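What follows is a set of notes on a single structure, which appears directly below.
Letters A, B, C, D and E mark the chains in the order given here, with residues in each chain numbered from 1 onward.
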Amino acid sequence: MPLHHWLALIAAWAFAWLFVERLSAAIRAGSLPETGTGLVIPVTFGLALLVIWEVVTRGANVPPVLLPPPSAIGARLMAETNILWADFVQTFIKSVLPGYAIGCLAGLAVAILVDRSPFLKAGIMPIGNFMSALPIIGIAPIMVMWFGFDWQSKAAVVVAMTFFPMLVNTVAGLNAASAIERDLMRTYAANYWQTLMKLRLPAAGPFIFNALKINSTLALIGAIVAEFFGTPVVGMGFRISTGVGRLAIDLVWAEIAVAAVAGSAFYGVIALIERGVTFWHPSVRGGRA
Amino acid sequence: MTRILPVLTILLALLLFWYAMAVHMNAPWQNTLNNRAGLENVPFMDFAQQAWAQDKPVLPAPHQVVSEIWNATIALDITSRRSLAYHGWITLSATLLGFAFGTMLGIVLAVAIIHNDASDRSLMPWIIASQTIPILAVAPMVVVGLGAVGLTGLVPKALISMYLSFFPVVVGMVKGLRSPEAIQLDLLRTYDASPVQVFWKLRWPAAMPFLFASMKVGIAISLIGAVVAELSNASGGGLGVRLLTGSYNGQTIQIWAALFIAAGLAAVLVAIVGGAEKWVNGRMGARA
Amino acid sequence: ADALTLQLKWVTQAQFAGYLVAEAKGFYDEEDLDITILPGGPNIAPEQVIAGGGADIIVTWMAAGMAARESGVPLVNIAQPFKRSGLMMICPTETGITTEADFPGHTLGVWFFGNEYPFFAWMNKLGLATDGSDGGVTVLQQSFDIQPMIQGQADCISVMTYNEYGQALDAGYGPDNLTIFNYTEMGNDLLEDGLYVMEDSLDDPAKVDAYTRFVRASMKGWAYALENPEEAAEIVVEADDTGAAEYDHQFYMVNEVTKLVDPDDPALDMATYERTVQALLDQGIIKATPEGAYTSVVTDGLK
Amino acid sequence: MSVVQAMDLGLTFPAGDGDVVALKDVNLTIGKGEFVSFIGPSGCGKTTFLRAIADLEKPTSGTLSVNGQTPEEARRARAYGYVFQAAALYPWRTIEKNVALPLEIMGYGQAQQHERVRATLELVNLTGFEKKYPWQLSGGMQQRASIARALSFDADLLLMDEPFGALDEIVRDHLNSELLKLWDRTGKTICFVTHSIPEAVYLSTRIVVMSPRPGRVTDVIESTLPRERPLDIRETPEFLEIAARVRDGLRAGHSYEEEHV
Amino acid sequence: MSVVQAMDLGLTFPAGDGDVVALKDVNLTIGKGEFVSFIGPSGCGKTTFLRAIADLEKPTSGTLSVNGQTPEEARRARAYGYVFQAAALYPWRTIEKNVALPLEIMGYGQAQQHERVRATLELVNLTGFEKKYPWQLSGGMQQRASIARALSFDADLLLMDEPFGALDEIVRDHLNSELLKLWDRTGKTICFVTHSIPEAVYLSTRIVVMSPRPGRVTDVIESTLPRERPLDIRETPEFLEIAARVRDGLRAGHSYEEEHV
C-alpha cells in the first residue's frame, strides 16, 4: 500500500477519534444537548470506518469480488432499490417480525408456565436448553419440510431462535425480586398472578429487555440464514447467497447494509422502549437510589 | 429422583408426540411406496412400523436417531472419520476456543463502554450493527480471506464463534456493570477509590448474575457459530459438515443424529456454565 | 516440485474422481507436481477463491466462469474434460407434466449460486416468464437433494445424472414414473466442469508448463477411473474428510460421470463453446461476447 | 379471644458457622385491641417475632396462633398490615401507586383506592409527592410512604417494625398521636417495635422487653396510663416511672453493661 | 482554618413535575474539631447537605469548600469518612470484608486491616458476626457494621447521616459516649445528622436546625456544655434548656404546627 494511503488512513482515524472525544466531553459537560448530538458520534465513527475501508480496499488492491469498496456498494444500493425493497419486505416484514413476536411471547409464556410449576421447571429447562442448542442451520431444512418454502418456514426458524434467550432471561428475571419485596406481597396474601403482575414481571423487566434486544439481532440473522435452504426467488438471504455465487459481491454488501440498518433500527426501537419501561432500574436512571 | 422424574415425564410425553408425528409426516411417502408395491389396506400398526423404518424419512423415528447416534459414536473407532464423536470433538474445540475469545472480547468491550463516554456512544451502535450482518454470508468470505493469509482449520471457525458469542456478553455486561445502586457507588466515591478498584470491588461482583445469564446464551450461540462456520468449509470435518453432507444426500437420519449430538453438547456446556454460576453464587454468599 | 492448489466446485465426491484418483495414484507426483485439492460447498464460490489468491486452478461451470469474467475476475478456460452436461429436470408423472408446454403454472426447483444459468437460458428459449407472472412458472430455490420433489414442494426439480438422479432411482422413481428433460438431449446444455485459471498467470511459461502437466496427469486420472470404477469409488470415499461419502453411491457416480468425460481429449470443443456463449448472451447473463476467455495453449501442449 | 398467642415459641436460623437462635421459649398472649410495644437490643429477635406472626418466617418449635388460626390462615385472610423496618417501596411505581398497591391486590374500586390513598398520604404529610418515584424522596419520606401503604387498607392487626425510626421528633410526635387516635377509634390490635422508651410507654398498653442470644422475653410491663393520652402525659411521674422500669428491664438483659461500661 | 465553609449554597434537583429546591442560601462555617449536629424535619435537606460536602452532589449555586479545598479535592485526599443513612453493605461480602473494604482500597497492609477490623467491630459490639453476610443480620446490626466501616480508617472529618437511628437506647447511649470519647481523643471534626434532640444536644458543640421547602438553615445553637460530658449531664437544667431551644427552633420551621395540630 503506498505511503499516502497510509497517511490518509491515520488522518481519518485520528480525526474521527478527536472529534468523538471532544463531542462526548461536550455532551457530558452539558454544553451540547444529548438528543441529536448523540447520533452524530456513531455516525462519525461509522464514516471513519467507511473511509478506512475505502482507502484499504483501493490502496491494497483488494479484489472487489472479495471485498468491494464502500463507494461501489453505495452505487449498487442506489441502483437496486426495487430489489432491495422487495427483499426487505419478504424477509423483515414477513419473516422476522411475526417470528420475533411469536418467539418472544412463547419464551415469555413458557418461562411463566415453567416458573409456576417446579415440576415443569425441572422437566422443561434441561430439555429446553437441549432444544435451544439445535443449530438453526439444522432446523432450517426441517422447517422448510414442515412449513413450505415461503416465509412461514423462515418465521418458524426465527421463532425457534428467539425462544431460548427469552426463556433463560425471563426465568432469571422472575427470580430478581428481592426477598423483602416478595415478603410484602405475602403480607397482602397476594395470589400468584397478582405477585407476578405487580412485582415479579416488573422486576424481571430489565432481563426481559435484555432478551428482546439480543433477539432483535438474532431474529434477522435467523431469517436470512434460513433463506439459504430453499426459498422463493426473493428475500435478503436468497439475494445474498445467490449474489455470492454470481460474484455480485457489491449487491451482497448492499443487502448486508440494508440488514444492518434495519437491524440497528429494530434494536434502537427496543432500546428506546426499554428506557421508557424500565426507567426505574439503576442502569437506566444512572443509579440514583 | 425428584430431579429425574420430571425430566423423564416430559421426555416421555415428547417421545410419544414424536412417534405420532413421525407416522403422520412419513405417511404420504409410505403410501406412495405401498401403492407402488401393490399393498392395500395395511393395518395401522404395520403401517406405523413401516413409517418408522424408512430409509430417508421426512421425520425419523426416535429409535432410528438413537441407533444412528449409537452406531456413529460408540460402535465406531473414535478416530474414524465416520465417528460423530470425532466430528463432535472438532466442533467442540472450535466452540470452546471461540467462546473463550468471545467472552473475553465481550467483557473488554463492556468495560470500555462503561468507562468511556466516547466509546459508549461510538462503539455500541456498531456492535449492534455488526450482529445484523448475516454471519453465514460473511463466514465463507472470512474462511476464504483467512485461508488466503494461511489461517485454516480451527481458528477461522473459532473467530466466527467469537463473532456471535461476544454480543450477548457485551449487552449483558454493560447492563450488569451498570447495575450497582447509586449509594453503593457513592460509598466508593467517598473512599476516592480508583476506577480499577470500583471495577473489581463493586461493578464486577454486581455484574455476576448478568454475566452468567449472558454466558449461557453465549455458549449455545458459540456452538451455532462453529457449526455455521463448518458449513462454509467442508474440509476438516465437524458436526456442521455432517449436517451439510447429510442434507446433500437426503440422509435425514444422519442430519438428526448430528443435530442431537450438537444439541447435547450445547446442553452439557450450558449446564457446566450453570454449575459454575451456582458455585460462584455460593462463594458470594447468596441466600440459599 | 511445483505446488498448485485446485479448488473444486463441490464437496469431495466422484464428480471429481479424475483429480482425486490422479492424486491418490501418484500421477501428479510423476509430473513433479504438488497438488492441494480443496473441497467446495454450497457457500464456496470457486471464482471468489481464485480471485482472492486461495487457489491456482478451479473447477467450475462455464456460465458461472463467464459471468465472473464480466464481473472482473479474468478467468480463462484451459481445459474442458466434461464434454456433456449431466443436468436434467425431472417431474413425477402424477404432476401431469409430460412436455415443456405443460410447465406454465407449475413450480420448478432450481439450484442457485451460479448453477441457475442453464435453467434460465432454457426458460428464456421457451419464452416462459420466471418472475411469478401469469402464464409463467414459479421458481423455487431448491435444496441440494430430492426432498422438494418427494414432499411435493416443487413439481419438477433439477438433478444431476450422476448424483440426485441416483437418489431418485433409489427412492423408487424411474423413467416409468418420471418425465425427464435432459439438457444435453434438448440441445440446451451449457458446458459444465471445466478447468479455469487467472489470465495473467498464463504470461508465465513456467505456470503454463505446470498447468500442462496438471491437465495431463488429471486426464490420466480420469482414464484410470473409467477403467477401474470400483477402485476409483474407494479412492473417493477415502479422500472424503467428512466421512459422509458412501461407496455404493460413489460407485454409481463414477460410472455416470465417466460417461460425460472424454479422458483422451481435454480440449474445448469450439462448437459447444459458441453455443454456450450465445445462450448466455441471449439470456443477458453476459452482456458482451467474451474475448480471450479460453486458450488452447495448455491442451496444445499435451499433444 | 386472643389475637396473637405464642407458646414456647422458638426459631433458629441455620447457618454454616453455627446456628443462630433468634427466638427461644417465647410465651406471649396479645388480646384484641391491645397496643403492645416490643423493645430490646439490636439483634434480639423483635423483627423475627413479627415476621413469624406474619407467616414470613416458620417457627422451629412451639406453637403460634393468630386470630385462633395458624399464621398462614391468618395471612391468607389478610388479617394484618405490616410496616417493614426498611421501606421496601417498588421503584417502578410512584408513591401514590405504591400506596395503592395493597388496595389493587385486595380488589378495591378505583374511587375508593383514590380516596384512601389521598387520605393516608395526607396523614403522613406526603401530599404533593404523589407522583414522585421512591428514589426522589428522602429516607424519612420513604418510610412515611411505607407507613401509608400499610394503613391504606383496614387490617384489624397492625405489625409495625420501627416505623418512626427515621423521623424527627415533631413528625414522630404527630404520627404517634395520630396512631393513638386511630387505635382508639378503630379498636385495632397493634404490635409495635421501637427503640424509643418514651415512645413505647406513650403508645402501649403493654411493653414487651426482649433480650438477645438467644432472643427471649425478659419482662412484660403493663401500662397503668389511661387510654386517653395527651402528649404532655409524658412529663407525668407515672409515665416516668414506667419508663424507668422499661429502662431497667432493658439494661438487665443487655450485654453492654458488663462488658463496656 | 475552617473545615467546612458554605456560602450562599443552593442545590436544586431537576424533576419533570417541578424542580425540588433541596438547599437554598445555606451559610455555615464549621471549624476544626467541632461536633455539629443537623436536625430538621424529614426532607429538609440534611442528607443533601452532607452529600454536597462529600462531593456526592454538585451544588447548583454558591460556594462550598472543605479543608480550604473544593469538595472534590477533599474527597480525593480522603478527607472524610461517611456513614450513609442506609447501611449500603455489599451483599457478596461478609461483615468483616465489608468493614475491610475502605482499608483494602486505601492500601492498608493485611495485618493492619485485620487489627482495625477487629477493633472497630468490637467497638460496635459485633464481635462474633465477622463471617456473616449482611442479610443474616438484623437492621440495627447492619447499621452498626456500616458505622464500623466508616470508623475503620482514620479520617479527620466524619460525616454521619442518622447513624444511630435503628439502635435501642442502651446501645445508642453506649455508642454516643464512645463517639464523644473518640472525638475528644482525636480532635476529629464531626457532622452528624440526627432526629433525636437529646442526642444532638448531648453530642454537639453546635446544633444546626434546618427547615424544608426550600431546605435552609433556620437556627444555629451553640452549646454551652463542657467538653467532658457524662451521660447524666442530660438531666441538668442547662442541658434541658438547650434541648428546649432546639425543640422550639424545630417547631418553628415545621409545617405540621399550622396544618395539623
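Heads up, the rule we're going with is that a contact is a pair of C-beta atoms (placed from the backbone, for glycine too) under 8 Å apart; a residue touches a chain by one contact, two chains touch by 3 or more.
Every value quoted in this text rests on a predicted model; they were computed, and no experiment measured them.
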{"item": "Graph distance between chain C and chain E, where chains that touch are linked", "value": "2"}
{"item": "Chains in simultaneous contact with chain B and chain D", "value": "A, E"}
{"item": "Where chain C and chain D overlap in contact partners, by chain label", "value": "A"}
{"item": "Chain closest to the middle, measuring from C-alpha centroids that were averaged per chain", "value": "A"}
{"item": "Leading chain pair when contacts are tallied as C-beta pairs", "value": "A-B"}
{"item": "Most widely separated chain from chain D, with each centre as the mean of CA atoms", "value": "C"}
{"item": "Chain whose mean Cα position lies farthest from chain E", "value": "C"}
{"item": "Intercentroid distance (Cα basis), chain C paired with chain B, Å", "value": "35"}
{"item": "Rounded Å distance between chain D and chain E, as computed from the means of their C-alpha atoms", "value": "26"}
{"item": "Cα-centroid distance, chain A relative to chain D, in whole angstrom", "value": "50"}
{"item": "Approximate Å spacing (C-alpha centroids) for the pair chain A, chain B", "value": "18"}
{"item": "Interface hub residues of chain D, defined as touching at least two other chains", "value": "86, 135-136"}
{"item": "Touching two or more other chains - residue numbers and ranges from chain B", "value": "58, 136, 140-141, 144-145, 181-183, 231, 247, 287"}
{"item": "Of all residues in chain A, the ones touching two or more other chains", "value": "66, 141, 145, 179, 228, 241, 244, 281, 288-289"}
{"item": "Those chain pairs that satisfy the touch definition", "value": "A-B, A-C, A-D, B-C, B-E, D-E"}
{"item": "Complex contact set, residues of chain A against chain D", "value": "180-181, 183-190, 194, 198-199, 202, 205, 278-281, 285, 288-289"}
{"item": "List of chain E residues in touch with chain B within their complex", "value": "51, 54-56, 75-78, 80-82, 84, 86, 88, 90-94, 101-102, 104-106, 133, 135"}
{"item": "Residues of chain A that touch chain C when the two form their complex", "value": "63-66, 141, 144-145, 148-149, 227-233, 238, 241-242, 244-249"}
{"item": "Chain C to chain B touching residues, read off their complex", "value": "11-12, 38-45, 48-49, 52-54, 143-147, 150-152, 167, 170-172, 240-246, 249"}
{"item": "Touching residues on chain B, where the partner in the complex is chain E", "value": "181, 183-184, 186-193, 197, 201-202, 205, 208, 284-287"}
